[in-house]
Amino acid sequence: MGSLLEAKGICKYFGGLKAVEDVSMHINKGDVFGIIGPNGAGKTTFFNICSGIYTPTKGEILLNGDKISHLKSEQIAQRGMARTFQNIQLFKYMTVLENVKIGFHIHTKTKLWDSVLHTKTFKEDEEFTVQKGLEIIDKVGLSKYTDTMAGNLAYGIQRKVEIARALALDPQILLLDEPAAGMNPQETQELMEFIKILNADGYTIAVIEHDMKFVMNSCNRILVLNFGQKICEGTPDDVKSNQQVQEAYFGKGIIAGEAVK
Amino acid sequence: MKNIIQKCKEIYIKNKIIIVVLAAIITLVLPVLVPKSYFMGIMCRILMYATLAGSLNVINGYSGQMCIGQAGFFCIGAYCEAILATRFGINFWIIIPLAGLVTAIVGLGISLPTLKMKGIYLSIVTLGFSEIVRLTALNWESVTGGPMGIKGIPTPNLFGFEISNSKTYYFIFLAIAILFIFVTKRVVKSRIGRAWLAIREDQLAAKSLGVEVPKYKAFNFMYGAFWAGVVGAVYAPYVRFIDSTFFTLDEGFNILSMVIIGGQGTLVGPVCGSVIVNLLTEVLRPIGEWRMVAYAILIIVMMWWRPQGLVGASDSILAGDKGNGKKLEKSKQKGGGAHGVSVRS
Amino acid sequence: MEYLFNQIINGLCQGSIYALMAVGYSVVVGVVGMVTFTHGEVIMIGAFAAFYIFQAFGNNLLLGLIASFSASWLIGMFVYKVCYERFFNAPRHISLICTIGVSMLIKNLAQIIFGPNQKPMLNVIENKFFALGTIQISLVQVIIIITVVVLAILLSLFINKTRWGISLRAVSQDKSASYLMGINVKRTAMIGNCVGCGFGGVAGMLLAIYYQTLSATMGSSLGMKAFSSSVLGGLTDIRCSALGGLCIGIIENLGITITSASFRDVFAFGFLILILIIKPEGFASKKGVRP
């Protein structure tokens, strides 16, 4: 059970704004790791640092012990980190299958000559992407939408397509940014079960979520951020009983204290 | 309009073999049926511009970069062939790929420093590049002949058979156009083409999926430039004489307007655009100077009515919210989507 | 050395005209939020309007100024209606290509109407020289610089002090927020666009006076220069754009002292590309304001 993803003293400043300050954490292999915190706590910024969209002002990110915080996001993706976005970034004008096919980019190696001459590599690659793509779509439960334009799908389904696309990378760790946003309770429930299945399949998952029930039920470890700083990291029970977390969510004072009880 | 295109597609798919064979026979027999050199000249122009517009379409339509200075690449290809053929007497058939390669390398040179630029800045740089190429050709007298141009470019030979008139040239242009479409079709349908499309539709997502955006953008630019260079190399011996006035900004706009009118993001689009614009040029020849006015109005009307072009990829980010019947709220908020997407929450 | 100083003076004068074009360009881009290719043609129209006014009513500089401003204003309205109004929410390249179309349209119409050849500009300002030591400054140059400075002050007063100026600034920062604040965004954007075009037109007149010629095809390279100057200044920042215009003018004139005058445009474009590569945000340090 070595730690798969590790952050050491990450800081990210935008001008004078300290979006993330001195956050350290580690995600073990096989974890479902939750990141929670009030709005503007720096959760998504933290994700963006992990996936290489931002470079941290200070600190470093280690994936499997290798420093990745200086790499570009495509290099990080090639090393086995896939992510979804808070405001869905699907290829809206492509079908679901095409979306997933692009996810196989790093696992195929067709060169210009291969594609022009239709060599063996090309044929193998195409077969591989289509077959595996359909498999993944089936696994996510989107078989009936295979040839639908992604932009025309309902919000909740788009989120699933995004997850399917990320799965195509066959990642070591999957970062989900608010996967349940815009879903109804039924869909959220399904998503929760799906994440459990994925975890059982051996994927390590990190998830940002606002839905407390979701996080408390599906995550085995949780990081709490507030105003860019880490206030707690631990199991759901640790987090529930943590004084600072309660203050961050409910405020201080008698009434807040009552509310917790 | 959409229905007509849909129907055309259906008919094509149903009778694919018959149509292809028929088209092949027509194109091959055409010089025999209508041997007039005037007509053949028009056909040569159409085929040439179809390839040129196609090469620009690879850059603009498939990876969503906004290049305007395709005339610059065209110019480099043409001068390459002219100089190599007149000074060093190198065989035409060797020069073609050579000119393509030189142009591709120049394309790489333009692309590398501009990778981070967003749409409009890139187009300005390519525009400036095209002007710089033209002005260099105009002023670098020792190499390009300056305003006098290069005269007496030797005509190519094929198995001892001299290719000198437009009737024989038709076949060369035809071969180049078919080769271009064939190769491009295969590239676009492969992993490389998928990466280009991904970049066009959403760069951030493409990156997060491990697509090396800079590499593919640069490669895309090189690919487009390569074909423009090849066409330039074929064009030079066809006209026998080149000077910098062939490659003005208007020429670049001309190529661009074919792509726009025909439609970006499809292989048929530029061909359609080339046919329409060149036939229009011939039809409008009597009105002389009003021709460009008609062009301009055509471009504006096209943007108002069908921003994705006549047979362009209507299901793409290129079409905007007018092209796709359903307005996607998100893309509207962001003013188009691909550019300037903010990732902070 | 003398020659060099004279070239710097020439560059300063030319640069001040470029600055005026660039300021116009910045206003257009800032308010409309889209880049345009029509600015060169707008400049050309301004020059021709002044030319015909001078021909008809004699050498009255003020009259010419008003004529070129209003002619460009009208062209600006046309450009706005055709290229921008419908496309605020569409992908940017659509309006960009539209401006290319309009630019082609105006240029070719102008060639038909005004004739394709270069015309000599009337001698509006007396050909007098002042000597400052060994350096010579012509009356034309002095008047041009004064005009540019006065116009720049007027513009900054307009933008900073009047109600219209405030709504212009609001629109250029955030269209939907200004809409919610009750500003008529479309009209404001149109007026901003027209003001920018008007400045371009005046710059066109000054250029025609300075070079003593004008032609229907003068627009394309001038438009590029306006764009270069304004990119150099960060595209939407008016003051920095003016500075950028001065820079480009001086660099051009120094550049042609080293080589021949036929490379003038190569310097301008080469410098633009260099700037875009090295420091794409230009002189302005604000980030995230570029369209």
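Here the chain labels run A, B and C in written order, and each chain numbers its own residues starting at 1.
Note that a contact is a pair of C-beta atoms (placed from the backbone, for glycine too) under 8 Å apart; a residue touches a chain by one contact, two chains touch by 3 or more.
According to UniProt, the chain labels map to these proteins: A = Amino acid/amide ABC transporter ATP-binding protein 1, HAAT family; B, C = Branched-chain amino acid transport system permease protein.
Computed from a prediction, not measured in an experiment: that's the story for all the values here.
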Practice task
Treating touching as the only link between chains, describe the layout with one word: line, ring, star, complete or other.
Solution key: line
Problem - Identifier of the chain whose CA centre is least distant from the whole-structure CA centre - result: B
Handout entry: Whole-Å separation of chain centres (CA-atom averages), chain A against chain B
Key = 40
Practice task
Report, in whole Å, the distance between the mean C-alpha point of chain B and the mean C-alpha point of chain C.
Solution key: 32
Handout entry: Whole-Å gap between the CA centroids of chain A and chain C
Key = 49
Completion exercise
Check: chain B positions touching at least 2 other chains come out as 317, 337
Practice task
Could you check chain A for residues that touch two or more other chains and list them?
Solution key: none
Exercise for the section: Would you please write down the residue numbers of chain C that are in contact with two or more other chains? Expected result: none
Handout entry: Residue numbers on chain B that touch chain C, as the complex places them
Key = 66, 68, 113-114, 116-117, 119-121, 123-125, 127-129, 131-132, 135-136, 138-139, 249-250, 253, 256-257, 260, 289-290, 292-293, 295-297, 299-300, 303-304, 307, 317-318, 320-322, 332, 335-339
Fill in the blank from the handout: In the complex, the residues of chain B that touch chain A are 183, 186-187, 189-195, 197-198, 201-202, 204-213, 313, 315-317, 324, 326, 328, 330-331, 337, 341, 343-345
Exercise for the section: State the interface residues of chain C toward chain B in the complex, per the touch definition above. Expected result: 35, 82, 86-98, 100-105, 107-109, 111-112, 220-221, 224, 227-228, 231, 260, 262-263, 265-266, 269-270, 272-273, 276-277, 280, 291
Practice task
Please name which positions on chain A make contact with chain B in the complex.
Solution key: 19, 40, 43-45, 48, 51, 53, 72-74, 77-78, 82-83, 85-94, 98, 101-103, 105-106, 108-110, 112, 114-116, 118, 122, 125-126, 129, 149, 151-152, 165-166, 168-169, 177
